[in-house]
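Labels run A, B, C and D following the written order; every chain starts at residue 1.
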Amino acid sequence: MSEYALLLPILIPLIGVVLLLLGARSLAVQRAGGVLFSSLTFAASLYLLFAVDQADYLVMQMGAWEAPFGISLVADRFSAVMVAVSSFMGAAVGIYALSEIDEARLKKFFFPLYLVLIFGVNGAFLTGDLFNLYVWFEVMLIASFVLMSMGGEKGELEGGLKYVCLNLLSSVMFLAGAGIIYGKTGTLNMADIGQQLMLAENADWALSSSMLLLVSFGLKAGMFPFFFWLPASYHTPPSAVSAVFAGLLTKVGVYALFRSYTLIFMPLFPEVQNILLWLAILTMVTGVLGAASHFDMRRILSFHIVSQIGYMVLGLAFMTPLALAAAIFYLVHHIIVKTNLFLVSGVVIRMKGSCDLAKVGGLCNSAPWLAALFFIPAFSLGGIPPLSGFWAKFALVKSGVEIHAWWAVTFALLVGVLTLYSMTKIWAEAFWKKQPEDVDTTPAKPVGPLVFMVAPIVVLSISTVVIGFFGEPLFEFSERAAAQLLDPQSYISAVLPQPAEVSP
Amino acid sequence: MKYFILGHAGRILFPALIILSLIVLYRGHNLPGGGFIGGLMAATAYILVGLGSTMQAAKAKLRVDPVTLLAVGLAIAIISGLPGMLGGDPFLTGEWLPTFYLPLLGAVHLGTPLIFDVGVYLVVIGFTLHTTFFLSELAESDTEEGTD
Amino acid sequence: MEPLIALLIGVLFAAGIYSLLRRSIVKLVIGVVLISQGANLLVFTSGGLLAGRPALVEAGATVLEAPFGDPLPQAMVLTAIVIGFGLTAFLLALVCRAHEAVGDDDINAFDNTDT
Amino acid sequence: MPVSLLISLLFIFGAALVAPSLCRLFKDKGGCLLSLAPFAAFGLLLSQSGAIAAGESIRYHIEWFSSLGCAFSLRLDGLALLMGLLVTGIGGLIVLYASGYMHGHPRLGRFYLYLLSFMGAMLGLVLSDNLIVLFVFWELTSITSYLLIGFNHEEKISRWKALMALLTTGLGAMAMLAGFLIIGQVSGSYELSEINGMGDLLQGSPFYTAMVLLVLGGAFTKSAQVPFHFWLPNAMAAPTPVSAYLHSATMVKAGVFLLARLNPSLGGMPLWENTLAIFGSVTLLLAVVLGLFQKDLKAILAYTTLGVLGLLTMLLGIGTEYAIKAMVGFLLGHALYKAALFMVAGSVDHETGTRDVTLLRGLRRLMPITAMAGGLAALSMSGLPPFFGFIGKELIYKAGVKLGGLELYFLVAAFVGNFLMMALALKAGIGPFFGKENNDALPKKPHEAPVTMWIGPVLLGVIGLVLGLLPFLVTDSIVAPAIGSILGGAIPEIKLALWHGFNLPLLLSVFTVAGGFGLFMLRGKFWAVADPVRAAIRPWGAEAMYERIFNGTIWLSKAQTRCLQTGRLHDYVFMIVAVTVGFLIWAIVNYGGLQFEMDWAQFDPIKVGLVLIMIVATIVAVTASAYMTVLVALGTVGFGVALIFVYYGAPDLAITQLLVETLTVVLFMFVILRLPPLKSMSSMATKIRDAILASTFGGLMTLLVLKAVNIQFDHAISEKLAAMSYPEAKGKNVVNVILVDFRALDTLGEIVVVAAAALGIAALVATGFKKKKGAAS
């Protein structure tokens, strides 16, 4: 019965979508439903996490059609932890949205679309089927397209247009890649593809099509040189939306990359290792430099997403047990911290009417509690121990040292310093500096009480601290998850119980 | 003049198209057709009405809010996946009633996949019409001044 | 026949990309439409092109007899067509709205959020 | 009792946490209360000294991130005890001092939060027995000192200097972390007590050079060795209690401490010794010379701190037992007098409103107690008997005279350094109090500082004197064990005394005192040229270099971002497609092979014609400039695709495609009047460039398709689906069965997509499109 744990993180938000669409008229219903269903999803995801940790793999063959004929939902520990963390963010930001999302947006079905986003993200983490992954990507994308542009403000539309076009390009490449892979292997089940490539004498012919997927996933993950849509758009919508995007969307791309090279294209990994390595390094460097060049809190944070993605992909490129564990730990840490930082930026906007660092200041004196709440995630991102970010970076660098990847280690450490610089820039300008006199920024009329915005920030900050001080269980979990990733055979046998039935 | 023709054509074709769409929906499991095609056809019927007169008329004819159609369609699709779970099967497992015979239709297989297809049908109608009604506002706000 | 269809796919992709590289924002919609057609056709073709027979079990029979068009890519393409339709419609509305908000149809004028 | 180590840490961090509320409750008295925490920790550590003196060490150990090899282990040995006592003892006095100095400050609570956190971090650093734990505390000292240096954060200059300290030490810390990781990898452990026994293993490793240089990167930046010395004088932006603390017992000593800590494992090799000795001596000489040209009381002290750090590093590099003895003695002495001098300087500043030594003189009458404290400290620093500073200096000369050959350079450096330092000590500690009163020139009318502000310096000054007279108080219990820890062996027998008889070291001391006093008398000459000299050397200084690197990085980041993030969508598409093309070509050329077979016999003229028409229509669709033409062309392509579906046995697809095409056209028509006219905006060259890229991409896709259909394809799954379709899924239309049964989840996702798209379109349209005015078309 524990297979149903797989279904709940998908089904609950979807039911929420239906009910909220039916309860369209009442804003109270929209608000209550949004929070209720995102929280229920989180609860379900925790159940999934525990169930998977018990069972190693949970597999559900949708429609009772045995793999590879139907669609399999599969959760290994990596999937489960991704679902859990992203649902956590879903619930936290859901509460935050209560006080940030205005009536106009609510009337345009903000919360149903928000739940569609969660639905898509969780589905993408849980599916074991390549084409189905494409569908989940599209679900997630359309929801994010709409959430980004629904306010109809100029910036949102400008950024949204780039976001939409480049992501559609990515989708098309995904579709093309998936189609060609189907053409070559005759199957769409990821485990099955992986198995076929492993059994094949020479799997090099799949390399060209895997490149299409690399570009597609890299684009969604915000890797160099495909990240352009991200800094162009992430700072435009309301902070609740930016926050959930920042926490979740690019991570789905990262997840897909991990899945690709630990399962689907496992045998091709040696050929692409260097490409991944250098893309990761360039992603770190260009992202952090981009952040250094900006002077707006949310723009800085957006570029930092790019930079941090580089670290995670670096873990994949190293492909050692420690490196993968580090990358998974990094993902968890980063999702929490980055979401939190965007949430803080929303509070800054609420207080000061802007988060342009030239226009805000003095928050350290006027809102010392906010300073403390910013300090934790910001310096966690900057890798200051003993916050979560330090351990993530430390583990990753350690794994790099172990395999003597000196260039990668050097850049990872240097980028760490620049990350710290960016965070101190925000700190010094928004919190330390005096409020500039001659700017006219009038904060918009707040939508709801501040407490709904602050509570999630507090919870996320506490999580960061707790992971920093007592993160060992999480790291051990990451190690177990990494061990699973490095053992695709067990994934395959969990999904395809009778390998004899599948012709090689 | 052309509005006149389109208006009448729409009114005449409307019931035929709706019935056709339902047939296409039903027989889709065995012959080309199904929820998508049926849904698109049904939506086309309303659009024809709308193009013939005004989209307001088409909206009135639809009676329900397209958003409700979306919601109901999704709900039906989800619900169709649940019965199997009662028996311990995964989500979306097909469950079938015993085959029975009806005049006109012959052997009838009724099962959850058909219900799922009905959900698809409704969502596609809802999507097409919701989109059309909103986008047509852009056009109508133009033409009102142009034609009146 | 595959080489010719393959060529067509290539042309559709090329034309789509070329359109996406243009500055006029309306061309973006055209590009997305074309490139989606290309991708759909690609998926369709990847199953192998077998002329004539749809994947329908004949009346009275219970099992489909070969040869028939591979149904799996067809189902994928159908899904992709509908998804593509939804996204294209959305993009159309977005382009329209963005054009009005920015007041320009040159994508180069859409750079306020980047720099 | 091992747990007392943890408790002493908890005392201080706990005090830090309650500091804000305590200060709100008790106002200034809060500081006095808070000082109890460090004093308690001091007592706790001191109570362990018996065991340490007996040659034991106390280790506290709990698991932490054990999968990363990091246990939370603390260890108290001689060196840790010495440093721990300084950190907590001086720390307590500083807390007390700050309650007077920061009297009435609105952010007093926050100040104590930072200060005590810093203290806790520093104590943790000296106590940690695990390299990673040490690093954790190391970074904590960096970040807390960032907060402290930038405490007056309304001033831009404070923020800038705080950042400078953070970035410099942060950069070094990154190098150090890499060094630690290499050490850990080579030795298999991060536990210092284990690593210290593995000196041979580490020194024999091929990575020895790397680990030494990387660790030195951390130590040198933290302890402000040349060329990273510039941040330290700038750290004076902090409130004076902080400077007193950072510069005497703590932050800057962390680097030296680390070197001492790792001396048993990494030391003894020429690389280690030479690097330390040379960098240390250069730092020493540079610092004292630059110090001569300073007029700011705190700046003078800061440069002497730099000099001392250089001296300590140099002694560590010399590495003989004598040198280590000298180093420990000097470290202790320096901590005592430097903290006192800073506090005195702070009091002077606080009471007179200025720190300019050219204005300050003759304060002894108005501030007698402070003057006494300053005098005691300055004399100790000058190395005059019977102060403890004298013992330290004697030890240095003793260590020096054992050297020979080229190494005599270090003796010379020590000598020069010392007598300049004495001059500076007198300048800072004596100068302001003697001479003719100059009270009218001062911004404030001075009077004696409150008791909280003089108790610390007086106490430290007195301790300096007492220890000089009665060195046995600390010799066996504290100094000797520390030396033992640094040398990595048993506790040596040592004897500290003021009087060693007439010998060369004494002679050198005499010259030092004479030279230092002489220079002090000439101080006016240096002030006269101080400003021009400083201005002249600035462009070549390390600080200017830092600024250049900093600005260069910012410039680079802006340039890079301008290049990449142009804001023009077509640039992005171009980049992405170009990279994709590159990847594909790489993959195909290297791994895919270009061979495929083509069956030319199958060509059917009707289909060929259809495809050709579609190709033409495609080209028209992208090049035409009238909407109607484009729509017709797009329709042709769409219907053509539908026909292909029909030909190849996909009726469902064909019907769907037809309906979708029709609806797309309808939707297009709705908005067409809202759209701008199609026009060409790019130059011909751009178009050709784009066309080449696009065609390359298209060509590659063609190639991939050809390759895909060429591979012997296994239809097993499709065949199984077809076989199951009717018997098991009760449907004869396999495509539909796939959609609603086999792969119903795809369809579920898909209807969610269209539902969301509908909501999105409605949302966009509802965001206030302007009603168009005027006649349309």
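Descriptive notes on the structure:
Rule of thumb we're sticking to: contacts are C-beta pairs under 8 Å (C-beta built on N, C-alpha and C of every residue); 3 or more make two chains touch, one makes a residue touch a chain.
From a predicted model like this one, the values you see are computed outputs, not experimental measurements.
Under the touch definition stated at the top, chain B and chain D share these contacting partners: A, C. Among the other chains, the CA centroid farthest from that of chain D is the one of B. The interface holding more C-beta pairs in contact, when A-D is weighed against A-B, is A-D.
Chain C has its Cα centroid 27 Å from the Cα centroid of chain A. The geometric centre of chain A is 36 Å away from that of chain B, both derived from CA atoms.
For the pair chain B and chain C, the distance between mean C-alpha positions equals 23 Å. In chain D, the positions touching at least two other chains are 561-562, 565, 567, 569, 573, 577, 651-652, 656, 660, 663, 667, 671, 674, 701, 705, 708-709, 713, 715, 717-718, 721, 732-733, 739, 741-748, 750, 752-762, 764-767, 769. Within chain C, the positions touching two or more other chains are listed as 13, 16, 20, 25, 28, 38, 40, 42, 45-48, 54, 56-57, 72, 76, 78-79, 82-83, 86-87, 89-90, 92-97, 107, 110-114.
The set of chain A residues touching two or more other chains comprises 14, 17, 21, 62-63, 109, 131, 135, 138, 142, 145-146, 149, 152, 161-162, 165, 169, 176, 179-180, 183, 228, 231-232. Chain contacts here are complete: no pair of chains fails to touch. Those residues of chain D that touch chain B in the complex are listed here as 651-652, 655-656, 659-660, 662-663, 666-667, 669-671, 673-674, 729-733, 736-737, 739-741, 744-745, 747-748, 751-752, 754-755, 757-759, 761-762, 765-766, 769, 771-777. Contact residues of chain C toward chain A in the complex are 13, 16, 20, 25, 28, 32, 35-36, 38-40, 42-43, 45-48, 72-73, 76, 79-80, 83, 86-87, 90-91, 94-95, 97-98, 101-102, 107, 110-114. Chain B meets chain A in the complex at residues 65, 67-68, 70-72, 74-75, 78, 84-85, 88-94. Across the interface of their complex, chain C is touched by residues 561-562, 565-570, 573-574, 577, 598-600, 602-604, 607-608, 611, 614-615, 618-619, 621-622, 630, 634, 637-638, 641, 644-645, 647-653, 656-657, 660, 663-664, 667-668, 671, 674-676, 678-682, 690-691, 693-695, 697-703, 705-706, 708-709, 713, 715, 717-719, 721-723, 725-727, 732-735, 738-739, 742-743, 746-747, 750, 753-754, 756-758, 760-761, 764-765, 767, 769-770 of chain D. Interface residues of chain A facing chain B in the complex, by the touch rule stated above, are 1, 3-4, 7, 11, 14-15, 17-19, 21-22, 24, 60-64, 109.
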